[in-house]
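Read the structure below first, then the notes.
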């Protein structure tokens, strides 16, 4: 619970609701729950300001002349919670561990751009003769990482990338203390249960799975001091339960109020009900293997027949906003309505265009049933039925994995529901994975060499401004090709108890841990 | 059985000078789907302390129903007492509230049931079912109840009672179950005991012992006994008075010697004539011809007339024969009782 | 009797293997891509996929996988979940909670169902009978996905009589509401079965005897009739455990109780074979034990039933 | 309980020279079934329940008889609108006509539940009877089988079964759901049956029939089943209701009905979160569901009572 | 009646034994002994013969009867019905064999299915053994049977609970008679009946025997009834037959002290003789069948008992003073039935 009446506000312990983290090893914590906790335990090299520009935190400076070799100088005075001084080795060892393929770290792909990454991976030899054991990779360390002195090291990328500074703001790039290692390159078995970081808070006890993770202020932290004495990250299985607990008085912060409660939350919470933008981008994709959606006109007509406004207000109760671009406003370079006419609701025109293009009589939208998507899919279908005069069904697959399996098997899944949260605030983080050929989340198989090229050029551009320009050009191609229909942009819809104030939730859906305060 | 008799709530209005038990014009009917079965149509019986009244009658004539009505444990619905009074020491039991009526049971009037297997609860041990009486009515401790239960079982001649007290009814033989029922009825020292065929499942030696036991208790405690049985031998042995029932009515009532010597009702006569005797091995036993009446359609007039050798027109017409006084303390419901009494006695 | 126990034990062992095999097979049959399931909607980097596949033998044939699993199991090692937690540890956490929860739920259910069942059996067609019928129907027509949040909303959030959620190491008090919700799943059946059973036994001859003994109706019914009526009810308690587990999937989520139901759903959703099989193994053992107890209870309740 | 029909129903030619009493001619021989029917015919509860059940079944078969509205025509603009001439019960969250959806939902809910319950009932009777009656290794085998099925999480079984059963993407999943539900819900019935058979088979009348030379089939069907069925019938009638709700849960988990299927269970669970805004979309399907279950419970009770001659 | 001439034996048991385990504890049951309900019984039943079985309550009569019809499995020994060992038969064969041996159970109510009408109960044998009566005639046969046992055929549609105890008993008899079996084991078939019906039933049983050549094993407490119907009588005491012989031998010339005691205790339906009869009153408690006395089981209550009785179990054989088999070392005739005269 929150701080007692007697304790000073600064010593107060507040509670924040999270889900069970999958991992608490920085390079493996790729989902928001783990990231949320680690953000309290670790201090990043850079963080992002309100304009999504990186600013330095644990780094003294991050410099590059050619966007290829980056020199990182660390601030002096940072120590791990066990007293170890933070130095260049802590970063290099952590990153090597992160990148080494057999370690299976979820965040390893962030290091893809670093020179030598390929040598740390091994090819799966499984083939005709069935599964085989993979050979060890040829190298254990990244050639791109070089220690200069105790507090300085360089990162060499395989290709120039102007956004690298932003990339390093991600969880994967936290340092690890010497105490974390069992032997070289091997993490201690139970390090994860009580990670030792360099951040404003340190672990209090161990990670109690499915129950809580407790942290308390780390006195020797040289940076901005937190305004509370500790945080109890209480683990919940369902967001509805978090909200119930908030209402029942047992929890201080709920970072995402579930849709079910949105109708009553504003009145329940009054001015403690808040929203802030985040990076979630919701859309549906057209699988390229389905011939009926081949024509751009058909795809555009469908997009035009969807009344995004109505869905965000009626179904999402304003917790999401209509999307009319292919990236989220959380990144620099975002332009409103880059999608143009195709994302503007116009049922009459849509119907005419659809009929002219000879769109299919039946449309199917496939979604994963475990994500609470049924309501809006049904609503979308109802709109399509009414506006295009087609038959539309939403089909729920039990899990996202099932949906992917169907897509892989090229089953006629129809439109597939997808969503994206950024890893780092760059346009590229949307364009590459979502629309690039072979992009990690490009499940629908969109491929346009021209687009790929522009994205690549943008990444290699010497300055951010130039990069953005190129990326925007790439986005325009998307507007022309319409491989997906942008639907909605996410928002953090959060609430808190009367025991806390100054609650803010950032674009990564994390509570701003240094800002939050207890009311005395 | 020398219990320190705990205080039993005295029934209000209990009059020790009144008759021990007096059943007057009792009517019971069963309202079934097929119609109303008039099982009891005006039964009159009475009982004095220390007396044994035997109720005889064809199977299905309403003996058990009468007993159940006296106990107040008729299945209701479908069974209803529609008319009459059951007075115990002057108190009409039918008018008592259930709570007080309950206290009469087992304490004042107890009953031995006909069907011993189904009458015992199959899932409780004999010891529990016996001991329960003491525990509930007398508030004795578990051990005491057990001790007394063993005493009771000994009393009714169950071998090795101490070992078998924890057995369940299905582990007992038919006769043993019946004796358990008897023990249960005797447990609380009742003033009236209704024994519904208490010894049908017993061999003659045990039967003799049980009947002796009942006789002893009757004498010692001045207990009134209503004995319902088909065994004319037992009746001859122990009964003081006999009521013969037919179709839910008492058709003849008389002291035991008189009935055996000279029955005054044709039914009684026929009944006595069908007894097999140990010392004789006749070829054919006499039977009463015809069928017992259907209770849904009891014949008009004398219900026995379809089977009666004496029947004339008057018997077929309503009203049924009244209660004729044959002799002091002796009645019969037959228009031609004089004829019947006059005939050769049954048997030899 | 000893032989009976030994026999049941042997059966239990076979059942255990049968059950683990079947569940393992089911999980296997159901497997599409456990790693993707684990990752949710995030794309899975190839190297991660490779490393995890290797670690959990995911590309081995079914029999081999089962073999690995059983080998571990027989040495007391339940293996690790795909989330890299020792399954034994997860069980140590989940089982006590769930057992506590189910226990309270069953007690609540039995208390309510048996009492109400008896009363409505005695007064069949009376006001009480009909009222309970209506309430039962209302509960029945509310799936647990509706009932649990509703109860939470009313008693936990609005009235705040009880904690809105329970959490991992919750006290008994916090479990009362979830237990009530859970018990609603089984109350209906238990109540009506009790009612039917009691009504049936009320017509037995021994009831007449008991009344002739001058026993109060309370005792006649509460002791004599009840014991004879309990067999179906006891049976239900045995199987209701299954319903409770199924119901726990929702209830544990709503009230944030990290118990077996929740672990199972998570395991099933993430296609976490070892995790699910581990929990189901124990679950099957629980059922074996419970149903053994139920079978023995039959013999306790009805001495005519004998086991050799 | 339809097994209890009597073989002795055959017409009897008027007694030829049989020495029976004259009145005996009136009464035709009846059997328990005949008597039960006689009893039911005069039971208003039975008729009320029967009419309700018939109504619901007709509604499932021909929903268009009850409403002319299209349950699939929904518009968010009408979200949670109150009742009007067009929509008797108002509109739901998606702006669909609650009445039309309730009427059309009957089919999936009632038929699936009926089929599932029938399957569960059949398996339950067969397994429970066999286990209870034969005892020994048959019982061991079946009872342990029940233990295994109980142990297998419903969700897992449902996912696997539903997926295997409905690999055809054009299938609505109706049969898959019905079969799945039937296959996973029979255990309670089976155990209940087993327990009552265990107590019923020790009865004297079973021994008596065995003595007559009755085989196991006859003993089970004529003697044990009728006397052991009461709790089983109760469990089944309740299961009927439970299955309607479970169907909703399965559909919600994505392993139930496909696409835009309509059912009461789905309607209830989908509208539950908005109960504070408007209760109608939650209440109406619930009322229909409750009434249906009530009808079946009443029917079950009436039939059970009718088959208990001691109640007459 | 005269000595039954050497007719073919329809039923023979040899050394039939049934022990019921006595257990303590409910969950962890342990056997602490055994009730020796039937402890070595040898019987022969011939065609057309009635064997009466009498004996103390709890001496194992019902158990013996149940063994004979296969309702209980014997602990050891064999039961031959017309040369077939019933204890070895299984399945359909056993069922067919059962047609020939029927039983009237002691407890009338529990042996009737509460959910079957009387018509169905009595008609059931025909449904099982369909070859006996053609379908169309079954109903009629049921009515005949009802009539035969003195039940109103109008009651064909009633249920067991609607009958009185005696009426129920007759339903059981009618059912056993239905198949006209060769052997009927009657476990106290008339003890719940009123004398008139009792007479009817006995007459009926006798008539059927004459007409069909049935054999009966007739268990009863009413010795008068047994005498009336039985050709031979076996007297049981604590699981064993202690005396067996033709009816006259047992009633007129009993040689076993227990038989004598039994006969002397029979009540006579004549109130004038009350208290005048010469009853042999047995002393001592009835021993428990779980722990029977050594040697002669009756010795604990026997007025003739001597040391040898405790040491040596008397065999059931003919003896010097006993022309028929008697299990007493000191068997000696004594007329107790006519003792009053």
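Each chain carries a letter (A, B, C, D and E) given by its place in the written order, and its residues are counted from 1.
Just so it is clear, contacts are C-beta pairs under 8 Å (C-beta built on N, C-alpha and C of every residue); 3 or more make two chains touch, one makes a residue touch a chain.
Chains and their UniProt names: B = ABC transporter ATP-binding protein; C, D = ABC transporter permease; E = Dipeptide ABC transporter ATP-binding protein.
Please read these numbers as outputs of a predicted model, since none were measured by experiment.
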* Could you let me know which interface, B-E or D-E, is made of more C-beta pairs in contact? => B-E
* Taking each chain's centre as the average of its Cα atoms, which chain lies closest to the overall Cα centroid? -> C
* In angstrom, rounded to a whole number, how far apart do the mean CA points of chain A and chain E lie? -> 89
* **Distance between the centres, which are taken as Cα means, of chain B and chain A, whole angstrom** => 90
* So, what's the distance in Å between the C-alpha centres of chain D and chain B? -> 49
* Between chain A and chain C, centroid-to-centroid distance (C-alpha), Å -> 38
* **Overlap residues in chain A, where contacts from two or more other chains coincide** => 260, 368, 370, 398-399, 402
* To do: Would you pick out the residues of chain E that each touch at least 2 other chains?
  => 107, 109-110, 152, 154, 162
* Structure fact -> Residue numbers in chain B touching two or more further chains are 32, 115, 118, 291, 294
* Note which residues of chain E are touching chain B in the complex, please. => 1, 20, 22, 24, 35, 54-59, 62, 106-110, 150-152, 154-155, 162-167, 188, 191-200, 202-203, 221-225, 227-228, 247, 251, 261-263, 265-274, 279, 282, 285-291, 337-338
* Structure fact -> Per the touch rule above, chain A residues touching chain D in the complex are 259-261, 263-264, 307, 310-311, 314-315, 364, 368-370, 374-375, 378-379, 381-383, 385-386, 393-399, 402, 411-412
* Write out the stretch or stretches of chain D touching chain A in their complex. => 72-77, 79, 93-96, 159, 163, 169, 251-255, 258-260, 270, 273-274, 276-277
* Residues of chain D defined as touching chain E within the complex -> 4, 6-8, 10-13, 15-16, 18-21, 23-24, 26-27, 29-32, 35, 203-205, 207-215, 218, 222-223, 226-227, 307-310, 312
* Structure fact -> Given the complex, residues on chain D that touch chain C span 140, 143-144, 146-148, 150-157, 159-160, 163-164, 187-188, 191-192, 194-196, 198-199, 202, 230-231, 233-235, 237-239, 241-242, 244-246, 248-249, 252, 265, 268-269, 272-273, 275-276, 282, 286-287, 289-290, 293-294, 297, 304, 308, 310-311
